[in-house]
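Common to both upcoming complexes is chain A, partnered first by chain B, then by chain C.
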Partner chain A sequence: MASEDEINLLVIVVDVNPIWWGQQAQREPEFTLSKCLDAVMVMGNAHMAMTRTNKLAVIASHCQDSHFLYPSKSWRGGDSGAEDASSSGDGKYELLSIANNLIAEEIRNVMSKTEVRGNSTDTLLAGSLAKALCCILSIKTVYSFQHLRHVIKAAEDCALQYMNFMNVIFAAQKQNILIDACVLDSDSGLLQQACDITGGLYLKIPQKLALAQYLLWVFLPDSEQRSQLVLPPPAHVDYRAACFCHRNLIEVGYVCSVCLSIFCNFSPICTTCETAFKIQLPQMVKPKKKKLKQST
Partner chain B sequence: MASLSEEVLLVVKKVRQRKQDGTLYLMAERIAWGPEGKDRFTVSHLYADIRCQKISPDGKAKIQLQLVLHTGESTTFHFSNESSALKDRDAAKELLQQLLPKFKKKANKELEEKNRMLQEDPVLFQLYKDLVVSQVISADEFWANRLGDINNTDPAPYNNKQEVGISGAFLADIRPQTDGCNGLRYNLTADIIESIFRTYPAVKQKYSENVPHNLTEKEFWTRFFQSHYFHRDRINTGTQDIFSECAKQDEKGLKSMVVQGVKNPLVDLLSLEDKTLDEGYGVSSGPPSTSNLNRSVKESSNAAIIKRFNHHSAMVLAAGSRKGETPTDQASETSSTDGNSRDSDFFQPPVRLQEAIEYEDLQRKNRPKTVALNLKKSDRYAHGPVPLLSQHYTTSQDIINSVNHIRHEMVNYKPNLTQVLSSTAATSAIAALSPGGVLMVAGAQQAINQMVPTEVQGELKHLYAAAGELLRHFWSCFPVNTPFLEEKLTGHLEEMLQTAYSKFHIWQTRRMMRKT
Partner chain C sequence: MKLRVQLQCKNLHEYLRELSPEILDRLYNHPATCLAVYRELPSLAKNYVMRMLFLDQPLPQAAVALWVKKDSQKDHDECVSVLAGLRLWHCQQLQGGLQGYILNPVFKDNLRIALLGGGRAWADEGSTLGPDRHARDIDSLDRYAMERWEVILHFMVGSPCAAVSQDLAQLLVQAGLMKSEAGEAPYITSAGFQFLLLDTASQLWYFTLQYLKTAQSRGMDLVEILSFLFQLSFSTLGRDYSVEGMSESLLTFLQHLREFGLVFQRKRKSRRYYPTRLAITLAAGVTTSSTSSSSSSSSNLASTPATGDAGFIVVETNYRIYAYTNSELQIALVALFSEMLYRFPNVVVAQVTRESVQQAIANGITAQQIIHFLRTRAHPVMLKQTPVLPPTITDQIRLWELERDRLQFTEGKHAYLCVCVCVCVCVCVCVCVCVCVCVCVCVCVCVCVCVCVCVCVCTSLRNSLEFIDVHG
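Up next is the complex of A and B:
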């Protein structure tokens, strides 16, 4: 049993990319962002209900920014108690009802403020992860900790966030923070790496409708309990590097000794740092010319 | 004795010595006299041996030149040429005057050296007394081991004494005392005399020219102090003073000093002068206060005093820096009379400045030279291993539509947590997640219900149902409104849960033991 000082913090990062979700709503009207958020709330409630010392945080990852849905800055525990009491007529644990209401309110705010911008269509996932990391670490100093971060991702990887992403992943690894990933649409190499490095679970869900079930089954147990359970095995992670010239994933390549840039073909000058290289080619053996004696 | 290879500087005929007619020869290193008709010298003295020369006074009939040696001997030459005796004698005297000082030092040096050694080392002195004075060893033998070759080596290592500088106030220290009857008494010590000679080489030259031939020392100094040269704060009237030449020389020296300028810019005294605004704060030009004539007189007398003070200070400084220069070197002395030290060349000030502003431990350490990394396309590193091809593009219309749609959807969002999961979806998910399911590819290929025996499955189902029932009871107690519910929770239910837990635990251990 967890002692009073141990806090189990679950941070859920939800990808609310409006473009993807809008398209998804048109593709599959049964499973929309609302459904997704409901499933997330179920998981959050379950987590909080398991132990009193469990805590929850929810972050919405947008293409413009990342936003804390819960706990929100505008929440004051005592003041809004009267409001919430009316909606919790079903005898729910107050904390759960407050959390749900807050999340709903915040996501409504976030989505209503969405502006249409053509240039930034990618989810700022690295930023959200960094915020989650900060959130965890800010509490870490006070309490002793077990923590999980769970990412629900919808859209594709953004190549531009690669550096930030990797930094966040390594920071999480240093702090013993697990990153789990639940991917709805397409496989994400970055998240696979993140889960592999930090020791979390990566899952691509075949059925979006059963999201809640997957969340509760796979991701709700914390790291200690997971060792007792039979869970989906970790996927094979593609750690191949991409060459700098074509962005192909290569297994064997040429690396410049000065700037460490990777190429798939040898070139005498490194295009990144402009260092000239000389490679000793095998000596060409000139065929001996046999003097033909011309017989006269 | 007569070596013809010697350079002959002067030949004087008709010189009598000891009532004999002969010729006087002055060579490079010695003076010699040979009687007429004979080609060898009967009298020959090295300049080094001559202590001093004397001449007979002008009025006398006989024109004579006497050489006094260090040993005390004296030789007298009588110039008997009717027409040119005086001239000859003077010529000889002049030459000797120039030559003697050169050799004087060398002769004295040895004796000086010996004296110094004896004085400094009391043991040596005692030894000398014991051995040489009592004639056990001759003096030459005694000094043979000790002196070495003084004549050849540089006297610098023996010159342990520091040179004494000249006090700038040495002239002022000669305070004249009133003699009672309208006269002044000057007390001159040897130090003061030496200071005067060192500071004013011109005076020294005059001294050596005139004493002891024309004037006695007393007379010389009397003349000196009486001269306008000494009391200079006036315009030079060009009197028949023997010191008027000195004054002219000093003027020349001053001029050359001014021309040379300041060699060491770090000692820039010009910048220290006060720059005051004139009357009228520099705006208006004040009326000329005095007439031009007055001004010129006043100015010239002031200028004369100032000039004299400057010159005096410059000479004192120059004398301190001059080391071992011979007084015959008069021509170059005027050029060396600037007060600045000769060592400060133009190249020194920058060096001194550098020394003043640079500190060695603040300098950057000499690290091995490195080559900078020159990256042209550093954004390549930031790109992740995402293949470029796999991007699908959305049209702007798509974007707008999507955003509007989602906004519309989420405006009225209300969580509906009871309708999250349908049982069919749940069961299919569970099936996928169970061993043998879609997602459990790497795990056991069998379905789990084939791995676990039937009876265990049955028992587990019962246990699960019982636990579920208890939980339902537990959750129905909330919210705790009545004391009944509270009592049920804390007492009854807890007991039940404990029982259930222990039951499960027993079952588990039984199963584990069976397995093993």
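Up next is the complex of A and C:
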């Protein structure tokens, strides 16, 4: 059995891009954002019910920024001290009902107060991941613990965040943090790479209505049990890099020899490290001087 | 010479398996019990239960067997047996004639309620009574809990200042921890000594189990009490709960818990109660075995409630023990197996000697318990080194125990030898007769000798001789 000091922290990052969810509500009215959050809460409850030392955090990833849905107050006041929020008054375990109420309240605040400005319609996923990573590492210094996880639910992908994303992924890999991804709509190359590099699971869900079941069956087991259970096999990963100038995915390109940044077109100065490249020009052919014939 | 009785500290699952099926089914009617039982399952079994929680139809056994990889087949079988032993799932015939598994419907419904909501509330929060004017904070609750628990331990050790109620004294006697002669005060038994050296969580759980065993004889409903106990273990520390809607037997049980230090109530008739840290860690104490492994991060909960700080014993390689405490109880416990040398206001110096350890062993304590006691109360300075206790000390204590363990008893075997002897006699007689036909004297002698030998052997075997195996 795990000793008292081990904490298993699950951070769930939920993509709440209002534009995508709005379109989704018109396409399939049965599966809306509230249903999605219900499934997330079921999974969070199941995780916290497993052992006393399991903890949960939920982050909502929006177009402008990312918010912590749970816990909203300071982390250290975990289970000691009376909570101000009252429990639901039914048979649910007290801790879970407090968490669920907090999440519901916070998501309502987030969705009603945040505005969407015209040109930024993509979700700031890399930012949310970075926030989650910071949250995990801040706890790591206080307690000693073994397993950490990240579950992401994403709707669509964006190449502009490639660099930030890769930095976050490598930082997570260094800290032995697993990143799992659960994708609703279209395959995301970035998330596939993230799961492959950190050792997590990637799954594209065929039926959105069964989201809760997929979460409980595939993503709930922690890393010890994943080695024992039969789970979906890893997908083929698209490892193409994105160029630093246009953020297009390219297969052949130019690489700076100093900082290894990738460009699709040649440029004499590297924009990242500002090294000047010496260009070899073709040699000028000097005209041969004719020897003057000496007259005898 | 009587053999030592080893103190058995069962865990929750073993206890539940001993209950009858009807009681188990009634127990699973409460969401708190289901959640407590779920938490004690092995992790693979937890995943199985979670997967089947939302299914209404049975799953074929073959499908369930495919959930695990081939290498983990043994874990799968273990999980199946654990779940079946606790009656959490049943085998059911499917339509195609295959065998299938389905979760116990009562358990399934109540676990769903615990996770998702619905159903009756577990207990009324004190919100209906308004805020408490005499509210207690967590530190005072901790102090209260430790005071009450230590009074019981003091009583066992025999300190004159400790006084407990008749009920409690009787419970201790029934649990085998103390013995009482007619009319005299109870005194401690060897099982009691072993109990004293356990860590607080195991002590609590053992005590609670003994209480539950006697619950039927007191006329209390076992199911009600167990459900209330589990509900307590899931409550929040520092929050008050109301006694509305609790039956008579539950109120009596609450008074007993108040005496053990598991809940705090300002007065006997008070309408609200506060669970203390001991109650909340009760369920946690269930999983840790009484002889925990030698990991340096031994749970602080075990040692924190005992003295208010984490660990206070320093053991040196010259067999000296320095105990930084002035609690009478802790000093008495250390004195059980060591010789006191000096006593100062904040520290007690003792020496572990051959005589003192063997005296303790004669009282029924094992070397493993002494080592466990030292390890769980080790000072933080000691916890920094690995292994926590010096290996010389632990090995020597074990060797001193082995010095007394030089005899081993085995049951004697006597059945088949008699038959052999009889056969031999017959053969002998026949042979004698054949050979010495003319000489009557010879025949008589032979027969007499054989018969005598046979008789002697039989009688000694009939006294069931025990073969004593002596090792030097």
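By our rule, the second predicted complex is superposed on the first by the 216 of 296 C-alpha atoms of A that agree within 3 Å, B and C clash if a C-alpha of one lies under 4 Å from a C-alpha of the other, contacts with A are read in each partner's own complex, and residues count from 1 in each chain.
Assume a contact is a pair of C-beta atoms (placed from the backbone, for glycine too) under 8 Å apart; a residue touches a chain by one contact, two chains touch by 3 or more.
From a predicted model like this one, the values you see are computed outputs, not experimental measurements.
Enquirer: With the two structures laid over each other on chain A, which partner does A:Ala210 touch: chain B (first), chain C (second), both, or neither?
Expert: A:Ala210: touches chain B, not chain C.
Enquirer: State whether A:Pro18 touches chain B only (first), chain C only (second), both chains, or neither.
Expert: first
Enquirer: Quick check for you: in the superposed arrangement, does A:Pro221 touch first (chain B), second (chain C), both or neither?
Expert: The answer is second: A:Pro221 touches chain C but not chain B.
Enquirer: In this superposition, which partner touches a larger number of chain A residues, chain B or chain C?
Expert: B
Enquirer: Would you sort A:Tyr93 into first (chain B), second (chain C), both or neither based on which partner it touches?
Expert: Both chain B and chain C are touched by A:Tyr93.
Enquirer: Check whether A:Met50 is in contact with chain B, with chain C, with both or with neither, and answer first, second, both or neither.
Expert: second
Enquirer: Let me test your reading of the model: by the given contact rule, A:Leu229 touches which partner, first (chain B), second (chain C), both or neither?
Expert: second
Enquirer: Shared contact residues on chain A for chain B and chain C?
Expert: On chain A, the residues that contact chain B in one structure and chain C in the other are 42, 45, 91, 93, 100, 212-213, 217, 230.
Enquirer: Mind pulling up the chain A residues that touch chain C in the complex?
Expert: Contact set of chain A toward chain C: 1, 3-5, 42, 45-46, 49-52, 79-83, 86-97, 100, 144, 212-213, 216-217, 220-222, 224-225, 227-230.
Enquirer: In the complex, go through chain A and note every residue touching chain B.
Expert: Counting only chain A, the residues touching chain B are 18-23, 25-26, 32-35, 37-39, 41-42, 45, 91, 93, 100, 103-104, 107-108, 111-112, 114, 116, 118, 121, 156-157, 159-163, 165-166, 189-190, 203, 206-207, 209-210, 212-214, 217-218, 230-233, 238, 240-242, 244, 246-249, 258-259, 261, 271-274.
Enquirer: Enumerate the contact residues on chain C facing chain A in the complex.
Expert: These residues of chain C touch chain A: 31-32, 35, 38-39, 43-44, 46-47, 50-51, 53-54, 66-69, 71-72, 75, 110, 113-122, 125, 127, 138, 234-239, 284, 287-288, 295, 297-301.
Enquirer: Using the touch definition up top, name the residues of chain B that touch chain A in the complex.
Expert: Residues in contact with chain A: 373-378, 380-388, 390-391, 394, 396, 398-407, 409-411, 413-417, 419-422, 425-426, 428-430, 432-433, 435, 438-443, 478-479.
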